[in-house]
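Order of writing sets the chain letters: A, B, C and D. Residues in each chain are counted from 1.
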Amino acid sequence: MDCVAVKYVAKKPKLRNPIFIEGLPGIGNVGKLAVEHIIEETNATKFADLYSKDFPPQVFINMDGTIKLVNNEFYYLKAKKKNQRDLVLLTGDYQGLSSHGQYDLAEKILDIIQELNVKEIFTLGGYGLGHEIKEPKVLCATTDKNLVAKMKKYGAVFKKNEPGGGIVGASGLILGLGKLRGMKGACFMGETPGYLVDPKSAKAVLKILMKMLNLDVNLSELEKKAKEIEYIAHQLKEMESASKEKTDELGYFG
Amino acid sequence: MDCVAVKYVAKKPKLRNPIFIEGLPGIGNVGKLAVEHIIEETNATKFADLYSKDFPPQVFINMDGTIKLVNNEFYYLKAKKKNQRDLVLLTGDYQGLSSHGQYDLAEKILDIIQELNVKEIFTLGGYGLGHEIKEPKVLCATTDKNLVAKMKKYGAVFKKNEPGGGIVGASGLILGLGKLRGMKGACFMGETPGYLVDPKSAKAVLKILMKMLNLDVNLSELEKKAKEIEYIAHQLKEMESASKEKTDELGYFG
Amino acid sequence: MDCVAVKYVAKKPKLRNPIFIEGLPGIGNVGKLAVEHIIEETNATKFADLYSKDFPPQVFINMDGTIKLVNNEFYYLKAKKKNQRDLVLLTGDYQGLSSHGQYDLAEKILDIIQELNVKEIFTLGGYGLGHEIKEPKVLCATTDKNLVAKMKKYGAVFKKNEPGGGIVGASGLILGLGKLRGMKGACFMGETPGYLVDPKSAKAVLKILMKMLNLDVNLSELEKKAKEIEYIAHQLKEMESASKEKTDELGYFG
Amino acid sequence: MDCVAVKYVAKKPKLRNPIFIEGLPGIGNVGKLAVEHIIEETNATKFADLYSKDFPPQVFINMDGTIKLVNNEFYYLKAKKKNQRDLVLLTGDYQGLSSHGQYDLAEKILDIIQELNVKEIFTLGGYGLGHEIKEPKVLCATTDKNLVAKMKKYGAVFKKNEPGGGIVGASGLILGLGKLRGMKGACFMGETPGYLVDPKSAKAVLKILMKMLNLDVNLSELEKKAKEIEYIAHQLKEMESASKEKTDELGYFG
């Protein structure tokens, strides 16, 4: 096995001018939630597994007692309407652990999608604010100046100097290395507190994506998950303030 | 020397449809204790040393004052009865230090056992619970659905979502990468507090393995070790509670 | 992409006996500030980008909403007067993250400048003192004994056993590996408190460099930045002493 | 430059059945002090520099203001009497930073000395006890059983299970990997508190080495250094107890 190895589990799909969408684990798992939701709702077809020596040496255990080596997974979805485009989707269990591994993975991913004639890339992630948000906005950054106006049209937001630290990880790197190969695209970052997985933020990202792709995806499952998380967040907060009150009562210092 | 190098110290054995059993250091050293016990009790034959640049740069000092470069070691054991199978056994001083090194080692191990016609893999490890256990169960995960029922028959236990974090390290990786090569097998994880080496857990794992392999191994040495550890654990606990009492007496705060 | 990859964004310049000047991020960002200032004031021409798998997997976001993969950048500046020399300039977003990556980058940088016939190297950095300085001196170390007197003439200072830890990072490594290739040169280290970016120290370094290169660079922008930083440092100090007073008043212990 | 690169600074020496002696930095710098002392006192000839990407990216600054890239250095010393042997000596600024780097360096060192017909290896190091010692003993471990008695004759000590953790780093690895190539030898470990550089321990190691090699080396310089360190250790101890008294006076708790 090379550092990164691809294993096709189905025939390589023949796609017409496909768009690539990446959603790997990250802050609030926003990107992963969004891409997984598309895959589940549209019944996209898995065609390849990606393994890397830079993933943890780990297998997960499936519900039926069998194991699954941690990986990234490629899916495709053929256009069903005239105004739609073929899609290649990527999600997975992990990003590369090291800087080196991140670059190796991104390059391999780009090799694979270039072979499938991808020329446009959209990467999805979260933008951690560290505080609660009523309505998460979706920040954006693009490979090209003329894409900025286009993305604004779909509802994406551009803020000067935000995110201040740029985009770290697969979402930034695939877009950045893709740009060096002449590919175009954008990164959508859903605002998120960043403490828990955030289906609400994923939904905000998906809404923009759906508009852009003329894709119709039922969001009710994601909304259900969002309510569950909201409930958990609420409970955590109550537990916290309860424990704080107790501490205050006891008059602890230091 | 490559990243991982094998050095045959005896002629490569000719084996008939052998089963591979791995037991490297890990939680409670359960896997290592189990495989070492088989090797000692059955007088298995060592045939190869495995060295890796991902092991610590270290030599151990033998009882006679000579040195031994840290390694992993392969043994084999030929079937003695009709209902038995030839075995290839692996144990060693260390697992790879890094994720990369773990993958390299697992791939090399698979290369070696594939050359010996191994098609079935059983990996042994511990499942750390963080608390004491009366009778350690042996959890299991398999490469194939139809192996689940078979393993249950031998006494292995399957719990939904356990271990929650999957299997990390050589036991998971060899099984997972082996599955990609079409090999079949299972991982047995003996429950263990995880604080000390745990011969009792190793014994529980061995009992299932012996049933499955129709192998008769005297467990008395392991039981003796288990009693020694039990005694040490008891003493540690007394020391701890004694020191706690003293602290309470002095009425320390903070 | 190799570990380090160069991408020429303009035709390779034809230069006559050029001098190489490096200023990458480091203590007080002294070297980076100095080289960036030369580039801006002289309108030097960018001709190559350097990418490395040992940089963080990160893109920055430009003012216009587009992304930029983190990199190092090469510029050149042709001599305008008889007593000047052609220059090759290097600055960038990061140094290599690991020891390995630092060596790989330094070797690649040397490959590139050797192709441009560079035989003299000057690396710029900061020397962190951990306390405030009225007038930062510029320490120096050279590849050759006979360069010591020459550098003193331009105002550089040589102190026995300083910096005690030698020079760590790109400034030291490029000079050290360059020396092995027969290149000559020196490292200029501007004294700096090391807490904040330090344009004052960068100015001190530039003054020596300008003398040596017969280069005339307007330093007013750098002086303006120095005043801004001085103001920030002053405010931080006041905030600190204010918070200290408050603590003292409350008479906290522990 | 490869991961490890050798640069010959003199013609490769032609040696008769030479013995290799390694003394790199480590606990108490015992090995380095010992080998450096031999080199200085015998005027051994430097013939090669070893550079590695696994050394820190660092240059040291010489007394005369010039730089020196961190490295390891090879010396040789031809036999002057009939009962002596030609020697190859290795010392240096650093050991490899990572496990991988340690293995790469050890392999390269073995390549170089094998080319010089070395068949016997002696590695020198310290054995940190964490407390003061009146007369440091010299522990030993060998590649071969029959060398144990021989080394005892020269005054080396063998203790069961000591050092308990084996030998970590270059001294262990060169011996261990050398053994795999059929080389013979031993590691001498001078007992040392391990807090400071320890010329006294180095002297103890040298005494055994001198006896074994029929080498006459003046130890007065090393004794002088030992006295200096003793004085420093004494002062540090006084400072410590003075500060302890003060604390006790103030009656601090916690």
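In the analysis below, a residue touches a chain if its C-beta (ideal position, glycine included) is under 8 Å from a C-beta of that chain, and two chains touch if they have at least 3 such contacts.
Worth saying up front: this structure is predicted, and the values here are computed from it rather than measured.
Student: Could you work out which chain's C-alpha centre is the most distant one from the centre of chain C?
Tutor: Farthest chain from chain C, going by C-alpha centroids: B.
Student: Copies chain A, chain C: same or different interface, half of numbers shared as the threshold?
Tutor: The interface of chain A with chain C is built from mostly unshared positions.
Student: Where the CA atoms of chain B average out and where those of chain D average out, how many Å apart are those spots?
Tutor: 37
Student: If you average the Cα atoms of chain A and of chain D to get two centres, how far apart are those centres in Å?
Tutor: It comes to 53 Å between the two C-alpha centres.
Student: Using the touch rule from the top of the page, what residues of chain A touch 2 or more other chains?
Tutor: Where chain A is concerned, no single residue meets two or more other chains.
Student: Could you run through all the chain pairs that touch each other?
Tutor: After working through each pair, the chains in contact turn out to be A-B, A-C, B-D, C-D.
Student: Mind pulling up the chain D residues that touch chain B in the complex?
Tutor: 96, 99-100, 102-104, 106-107, 140-145, 148, 158, 160-163, 165-170, 172-173, 175-177, 179-180, 187, 254
Student: Considering the complex alone, what residue numbers of chain B touch chain D?
Tutor: Residues of chain B touching chain D: 1, 3, 7, 51, 53-61, 63-70, 97, 254.
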